[in-house]
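Note that chain A is present in both complexes that follow, paired respectively with chain B and with chain C.
Moving on, here comes the complex of A and B:
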């Protein structure tokens, strides 16, 4: 994490062309492709939150499915019990519910690091998974809960009858706007004094204590922010999927979020975003082409760890740095 | 004026009496050395005072206030800082960020989530000034993990110094560096500490360093204080020469 990278101008140079390309997608790509990209952006928000813990605080969570699932189920329960289908209510509900759960889980988890932290987050997420299964009269059990197409911006943009057209256009732009805000906000957070304190904790917990950083408290705040990002992603995912089931609370979904981040590179800011989008395409096409899609993903993961341990973006950054440093002939 | 005082401070590790009913006093403004062979209890004493470990019994008073049970955070806020025998830095952060973080933490600014750290020019300027005092300004943008051992030792002390403590513990600031580098490192540290009117306790094994830079020396042996005096008094103390200096 190059300290020289903390420049808004540099961020704009990287982000604006990408944003321009993302804005054009619905006008040039097939609706299916746009919806697929929309899934990728939603997963990218989750990965961005996850990486605040892994890349910046040094904590590997295997329980982020809990927050994604809580965000998704909060939306489904708002629909079921409050009969509301406003996207703003979904977003607010997802954020509040995931903040609450992350706050509670964080109290227990941030006291531990390394494998203990990972196992604890995994165990707590599995508790939620089993609750979602058992309390079927509330959660729908293994059938899950359906979520209708929401209205956007109050009732200004109602959910249309042509669901795919709605998701590939208006909903895509809605998700894109939230994605941009999430990226900008996270960029500020990791380059803030608080972000530096998290990186200090990651590098040397004892020394961080001895400069006056209250390690557990800072980890807890990072845990909650991370959980809220992932919960927000869950809330945005449900209208896309139209249904939430206990599968997204299962630890294997946490494994996917880890995969996104490792694929893109957890030591770079943009790595988890790129990793989430690539993974989404990879899984979708692997599932579409072979029944052995899990084998394909497994091979990718093994190759990734052996050949590109710093991920796609990490490797690209290193190659770029190497080319800039190489003497011109 | 007595800045720090321990009364009957005790820490056992199993059957080992690491620190055994130690009465230790530090006066404001002095630079004193804590000497002793390996296992004498020097680092344990500093760990107890700085809050890394809790004492079994006894009391620690700082500025006439009991801080025996205070947390590390509270002790830092009270004005006690320390460096480490084995260098403890934030290796992936730049040298400047190591220093900036200490300044941010001292000013309570690490709680800020929504402002860019680089935009705080006052903190950046202060961190650069401290780096300059320690001769590290030219390494500001280099990752701390890439510095030489001597530079890492200096940065370790600089990070503690940037907290503007009233009492600074330096745990073997010249260990692991070449004999040639020791004097320049100690010159920098003692001049900065004296200019900042900071009281310093230096744990050190190298007697040449101790006798050159520290007007008061406290010698420890097997968890107790063996002697306390000027360099000449310590040189002339038979128990010290027999147990620590290796001569009679």
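Moving on, here comes the complex of A and C:
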């Protein structure tokens, strides 16, 4: 890991200008662009959680769609059965439901590593997908469930006509605030003794256990935190999309989360965030310009793995270091 | 009694196709330690090529010969595999598993759209071949003869594969490489060649699976992704890398699925995925795998 990355001053130098820029976006960009960025931030929260497992604990999950989907469906079911449309209830519901599912899945998954961990998470997420798909009287089947525009912090629900304005302004700031909290919290987690223990497990499980790290328990906690982040992202995503369908529970959506993270670089803290935002633009424009968008994404992924395995942020920071070193022989 | 027999035949039909896909997946994992997420798309590719080739020659060849034309699907999938392994997978053997999974995921996306590009968004079908065989009377029920043919082809393929792996020189080399790649290499085995052969063989089988279901189901987009996950279930139940396991897993999944469709259609798929999860928990190496 990059030893410079941990210093708070360096963090502030990078993060504050970015935060300032994110705050200005709704005032200068078109509403559509702001909503697009909002999607990116939501996916970034999911990727941040996912990377606690991949980058810091060394576990590749191919089933994170489960948590994203559980967060989203929790919201949809709250609307359907409890008739509540407060965003705070959505967030709380999404977090609770994904924590529950991640807690259960975690108990069985953390006993395995490598390919077995990946397949196990994949199989469990497919169980949820097939249930969402088949139990149509609860989940709406492949039609999915509609989610109306929510009220934020008890404010009145905006009318149908200014939904875009609402999403591009108030909702954007709501998501941004949660995003900032999530990033700060994750920063604290990975730099805490707990985070260091996870990295020790990743680097050498046997040694970590030997120095007294309770490997399974630590992995389980990481698994739950990771699941909750992704579930929260799912809960924030539904009002944006207005609809939740089984697609977000399918394993190919898990593949997308992996894609975000590797695109940005899973060996860096900010990589997954950058990757999620870039991926969102990439997919949106590819879908807008060609029916063969999967081909575009597939080629990007293959080239990425072959040429830029450390991702956008990883490569950029390596170039930065290299340049800094170059003048002083 | 007849209905039991029909259900059993349906289960076998399903198992035969699944074995062709899962057997290839397992063979590739056993030899190369790569989980090929694009494997389902090679199955779909076989189906598309077979449907396309039969469609081209539908008017010029007698029906009996058209069944042989289906084999082009398997050959095309094998050829595609022979191209993909040295170009895309070989650079990655020394890298972490994550990258191997990702590149095959990228390949999945590419192949999915390549088929859309080549054959358009609409399904291809060659139901003429399905209907030409007519049907049999089993007691008071009728059963399509073609389905029986698929079961026979699946059984023959399993037998041929077994003979190939356990009774030929090439099989010895394959198993040696699978058990210990470095040692095999030190003893003079050209590992690169074994890898490309194993990958080609695995893709050929997937393509054959696609080719024989085409008359019955047609070729549609997305069939690969669906098949992949079921093949995964089979391979996990049987044990990653074990051919006997793939056979047993395919039979088990075929039977459970047939029971599921009859008795618990809502949770049929969920039960299959749960079976895979339970096997992973109880015996991570699968029923037939070596730990």
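Just so we're on the same page, the second predicted complex is superposed on the first by the 318 of 329 C-alpha atoms of A that agree within 3 Å, B and C clash if a C-alpha of one lies under 4 Å from a C-alpha of the other, contacts with A are read in each partner's own complex, and residues count from 1 in each chain.
Here is the rule we go by: a residue touches a chain if its C-beta (ideal position, glycine included) is under 8 Å from a C-beta of that chain, and two chains touch if they have at least 3 such contacts.
These numbers were taken from a predicted model, which means no experiment stands behind them.
After overlaying the two complexes on the shared chain, residue contacts for A:191 are found with chain B alone; chain C is out of touch. Once chain A of one complex is fitted onto chain A of the other, the partner contacts of A:288 are absent, as it touches neither chain B nor chain C. Residue contacts after overlaying the shared chain place A:210 against chain B, while chain C stays out of touching range.
If you count the residues of chain A touched by chain B and by chain C, you find the higher number for C.
Looking at the shared chain after the overlay, A:135 reaches chain C, while chain B stays out of its contact range.
In the superposition on chain A, A:301 makes contact with chain C only, not with chain B.
In the superposition on chain A, contact of A:200 is made with chain B only, not with chain C.
Residues of chain A that lie in the contact sets of both chain B and chain C are absent, per the superposition on chain A.
Looking at the complex, you find that chain C touches chain A at residues 35, 37, 88, 91-92, 95, 97-99, 101-103, 105-114, 116-117, 121, 225, 229, 232-233, 236, 240, 265-270, 273-274, 276-277, 280-281, 284.
Only residues 1, 3-4, 6-8, 185, 188-189, 191-197, 199-200, 202-204, 206-214, 218, 221, 225 of chain A touch chain B when the two sit together in their complex. Contact residues on chain B toward chain A in their complex (touch as defined above): 50, 52, 72-73, 76-77, 81-82, 84, 88-94, 96-97, 100-102, 104-106, 109-118, 120, 141, 159-160, 163.
Touching chain C in their complex are the following residues of chain A: 54, 60, 62, 108, 111-112, 114-116, 118-120, 122-124, 126-127, 130-131, 133-135, 251-252, 255, 258-259, 262, 266, 291-295, 297-302, 304-306, 309.
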